[in-house]
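Here subunit A shows up in two complexes: once beside subunit B, once beside subunit C.
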Partner chain A sequence: MLEVKNLMVFFENAIALNDLSLEVEKGKIVAVLGSNSAGKTTLMNTISGLLVDMKKKEDRRGGERITLLGALKFEGEDILTIKPSLRVRKGIVLSRERHPVFRESDVVENLKIAGYLTEKHKVKEEMEDVFQLFPHLTKLRHRKAGLLSGGEQQMLAIGMALVARPRLLLMDEPLLGLSPAIQSDLARAIRDIHKKNITILVTEQFARPLMPIIDRGYVIENGMLVISGTREELADNPEVRASYLGV
Partner chain B sequence: MAEANLKFRRERLDRGIKARSDTIYVISSYREILYLLLPRVLPVVGLLVLPLVLTGYWGKVLIYACILGLLALSWDFLASCGMFSLGQAFFFGVGSFIAGALAKYLQWPPLLTIPVATLGGGILCAAFLSPVVRLRGIYFAMITLVGPMLFSRLIIATEYLGGSHGLSSLTPFTNKWVPPYLAVGALLVCLFGFRRIINEDYGLVLNAIRDDDRAVMSAAINIYWRKIQALFIAGSVGCFAGAFMTHQYQFVGPSAFALDYSILPLTAAALGGAGTFAGAVFGSLILVPLSEALRVLAGLRITFYCIVLIICIIGLPEGIFHYLQRKYQQFERLTEI
Partner chain C sequence: MLSLFIYGVIQSVTLALYALGFSLTYGISGVANFAHGGLYILSGFIAWSLMNTLRLPIYLALPLTVVIAGLIGFALYWGLLVRIRGIPLAEVVVTFAAGIAILEFLVWIGLYGFYYNLPIFIKGGIEIQGVAVDYQRLFVLGIGVILAVLLWLFVHHTKIGLAFRGIAQNEHTALTFGIESDWTGALSLAVGSALSAIAAVLILPMGVLESTVGYEVLIFAVAVAIVGGLESIPGMIIASFIIGFGQIAVAKYIGSKWMVIVPLGAIAFILAVRPSGLLGKFKELEERV
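Now for the complex of A and B:
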């Protein structure tokens, strides 16, 4: 479904992604594991197209020069340089790092804004699906998003991505800064999302809560791919066990 | 192109001399000394020579450009500690009226009125704006925007300080060399002084307040007091500009609070590049002569002026000074990947 080939990203003279290739097959949950500054967020921004937008702005401002090379194919079509909004229309939706929500709007309003592309009557259905997925949000329908806790905001952020009806859902560190209990709740929710025929690419620093649900994983370090394999292969790899499973 | 793109990317590097002078400070030849000194000495010498060359009408334009440069510097200084001001006219007007009143009612000479207006005006401005230092961003801007309107209406309505007619026939500068050199001198002192302040620890705190005031608070620094100090410094500079212009025109009226004095410094700083001070000066030295030269277009002048500004801001949002600085200190080359 998604094919990343020899992707290279430079921020000025610093290399963020170095010759990275990976593949996401339709209907799978794929994880990208890596520590801070490994390039996870850059990878997500490249796939979702935010980087293309950043590059334009920086170029105009005369700021950091972003260089983007390689190939990025979504269902056989090259999407490396197209606008982020077009990618959403094609079905690639990103739920960004640190659960960004519209703080001054309430939960329902947030979901409505996120469902801009979906037809009106379908948004209602999608919203109900989100509330079914995260029953906890149901009571908070009319609470301002800025007043929600970190976990609730993360649920809302994932919900917002879902209302846009993704075919490929990108999740950038969805478990960041959450308690272990909420982490495993969210991991279960991710599996439920996957059951709705949505392919998922998720990044994380700590693999344990995600391990039971993923089909395939890639480990990146300093922008380079170091280990890749199926869940079982990763679980058996001593390096992965030490660094990302904490065993 | 696509083929070439696959193998090369443009790399941006500091020039050797820039890297060396930034860190270990080794200068090995006259060429390098010139490289470092030229961008500083050239404008200084240029500004000092200009009053000798430009006399009459263009001499007045130069003075006006310097005064707007001072206001732009004062705007940039406030902006660099997170206070986005839309009311440079407030500082200008307060300085103007203090100097005007002292000259009219007490017959003080400019030698006294200007320093008193500068310091006293700075204190007055800081005191007037001190209740609003807690406001941030747009709220602070709104208050500073209404400040000059409030005072000009007050003067017109109460007929105090000359009312709508203003105070006229004030003492002029006696020597014809005083005004241009005072303006140019003040501009240079402010420019280099502000650049020094902002590079010291003191400026570090101000910049930090702009970035995240709560984090500065948690470092046990009283940010409100710092902001008031910054208001005093910026206010003094604006008041000096006002006091100077009062004696230059030998007149002060409610027009000293005109919106022009708020907007032009801001556009100058935006055009030249905010945050460097040199950009603010650069911008006003371009904008003022440009708008004077465009006088022949009469009614179309403002239109043309606005178009130039829009093109500059869209095409070069970093500002002219940042652009030149980058070209001067860095070079680019293609590197193979």
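Now for the complex of A and C:
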């Protein structure tokens, strides 16, 4: 479904992604593991097109030079340079890191804004699905998103991505900074989302809560791919066990 | 006392109308459009030209003026602002320069004195318990209130309005849902300019159509926005009422030439006491928490 080939990203002269290649098969849950500044967010921003938008704006005002090389294919079509809204229309939706919700809007309005490209009557259906997936949000419908707890905001952020009707859902560190109990709740929710025929690419620093649900994983360090394999292969790899599973 | 109340309300709504376009544009795109006063007078001149040069009837000329002003706002974004988006100082310099260019151009082609004026909608007025009020001022009041309600409905219940809310709060997150920052930015300038044109065709008939008024309108709009708290529409309305009533009270008890002191004094006061404005929040402070 998604093919990343020899991707290179530079911010001025600093290299953020170095000759990175990976693949996401349709219907799978794929994880990208890496520590801080490994390039996870840059990868997600490249796939979702945010980076293309940043580059356009930086170029226009003569700011930081962003360079993008390599190939990025979605269902066989090259999407490396197309704008984010076109990618959303194709079904690529990103849930950004640190649950960046619209803080001044209430839960319902957040979901409505997220449904910008979804037909109006479908937005309602999708919203009900979100409340079914996260029953906890139902009571909070009319609370301002800025007043929600971290876990609640993360649920909302995932729900918002779903209202945009993804076929490939990108999740950038959805479990960051949450308690172990909420982490395993969210991992379960990710599995439920996957059951709706949505392919998922998820990044994380710490792999344990995700391990039971993923099909494949890639480990990146300093923008470079260092390990890749199926869940079983990763679970057996001593380096992965030490750095990302805490065994 | 009753006259103080009636004229206070009318003055407050007038100020709110001046500020509506400025606040809306700033609230959505973060662009402080200092060409606001220039666009206001330019809209008045366009309306005058449509009626007097092209001889269009008033019911065609005024809506057309609002549409043209919207297009000018749109062009302002794509022509001048698009390259410097996100550099606040450059945005201020560019819009301020555009505003001055518009106003001085109008002076240059001879827009001053009593020759240019816009017609009021219906002549005459009524008396409310001994206080005479003309119909045009009641129009200002009514349309001001209707506009505020329509704007609220637009922002909270239409796709474009919701896109505005999204971009205003978190541009990058909005982008991930397919909302386009350039189009919303351009639209925010267009809607802001159209609102300044509505204010112009409503309010200008009661005064003179000349460039100096443009500078005044800009001062009023900025004063209301700063006192209310940039980005806060409820704050803007409260600020309009404080400054509006303040001005009418000053005019009544001290002298009308001191009226302009009120908005300037209010800016100085609020910046000293509560720099983020009555209902505004400093984003930086909020994000640090």
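The working rule: the second predicted complex is superposed on the first by the 247 of 247 C-alpha atoms of A that agree within 3 Å, B and C clash if a C-alpha of one lies under 4 Å from a C-alpha of the other, contacts with A are read in each partner's own complex, and residues count from 1 in each chain.
As a convention for this text, contacts are C-beta pairs under 8 Å (C-beta built on N, C-alpha and C of every residue); 3 or more make two chains touch, one makes a residue touch a chain.
Source: prediction; values computed, not measured.
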> When the two structures are laid over each other on subunit A, do subunit B and subunit C clash or fit?
Replying inline: clash
>> Output check: A:13 vs subunit B and subunit C. Expected answer is one of first, second, both, neither. What do you get?
In response: first
> In the superposed arrangement, which partner chain does A:96 touch: subunit B (first), subunit C (second), both, or neither?
Replying inline: second
> After lining up the shared chain so the two structures overlap, which partner does A:116 touch, if you call subunit B first and subunit C second: first, second, both or neither?
Replying inline: second
> Does subunit B (first) or subunit C (second) touch A:221, or do both, or does neither?
Replying inline: neither
> A:61 contacts which: subunit B (first), subunit C (second), both, neither?
Replying inline: both
> Hey, is it subunit B or subunit C that touches more of subunit A?
Replying inline: C
> Do subunit B and subunit C land on any of the same subunit A residues, and which?
Replying inline: 60-61
>> Show me the residue ranges of subunit A that touch subunit B in the complex, using the header's touch definition.
In response: 8, 10, 12-13, 60-63, 65, 67, 69
> Which residues of subunit C touch subunit A in the complex?
Replying inline: 82-87, 156, 159, 162-163, 165-166, 169-170, 172-181, 286
> What does subunit B use to touch subunit A in their complex?
Replying inline: 5-6, 9-13, 316-318, 322-323, 326, 337
> Inside the complex, what are the residues of subunit A that reach subunit C?
Replying inline: 48-50, 53, 57, 60-61, 83-85, 88-89, 93-96, 100-105, 109, 112-117, 120, 160-161, 164
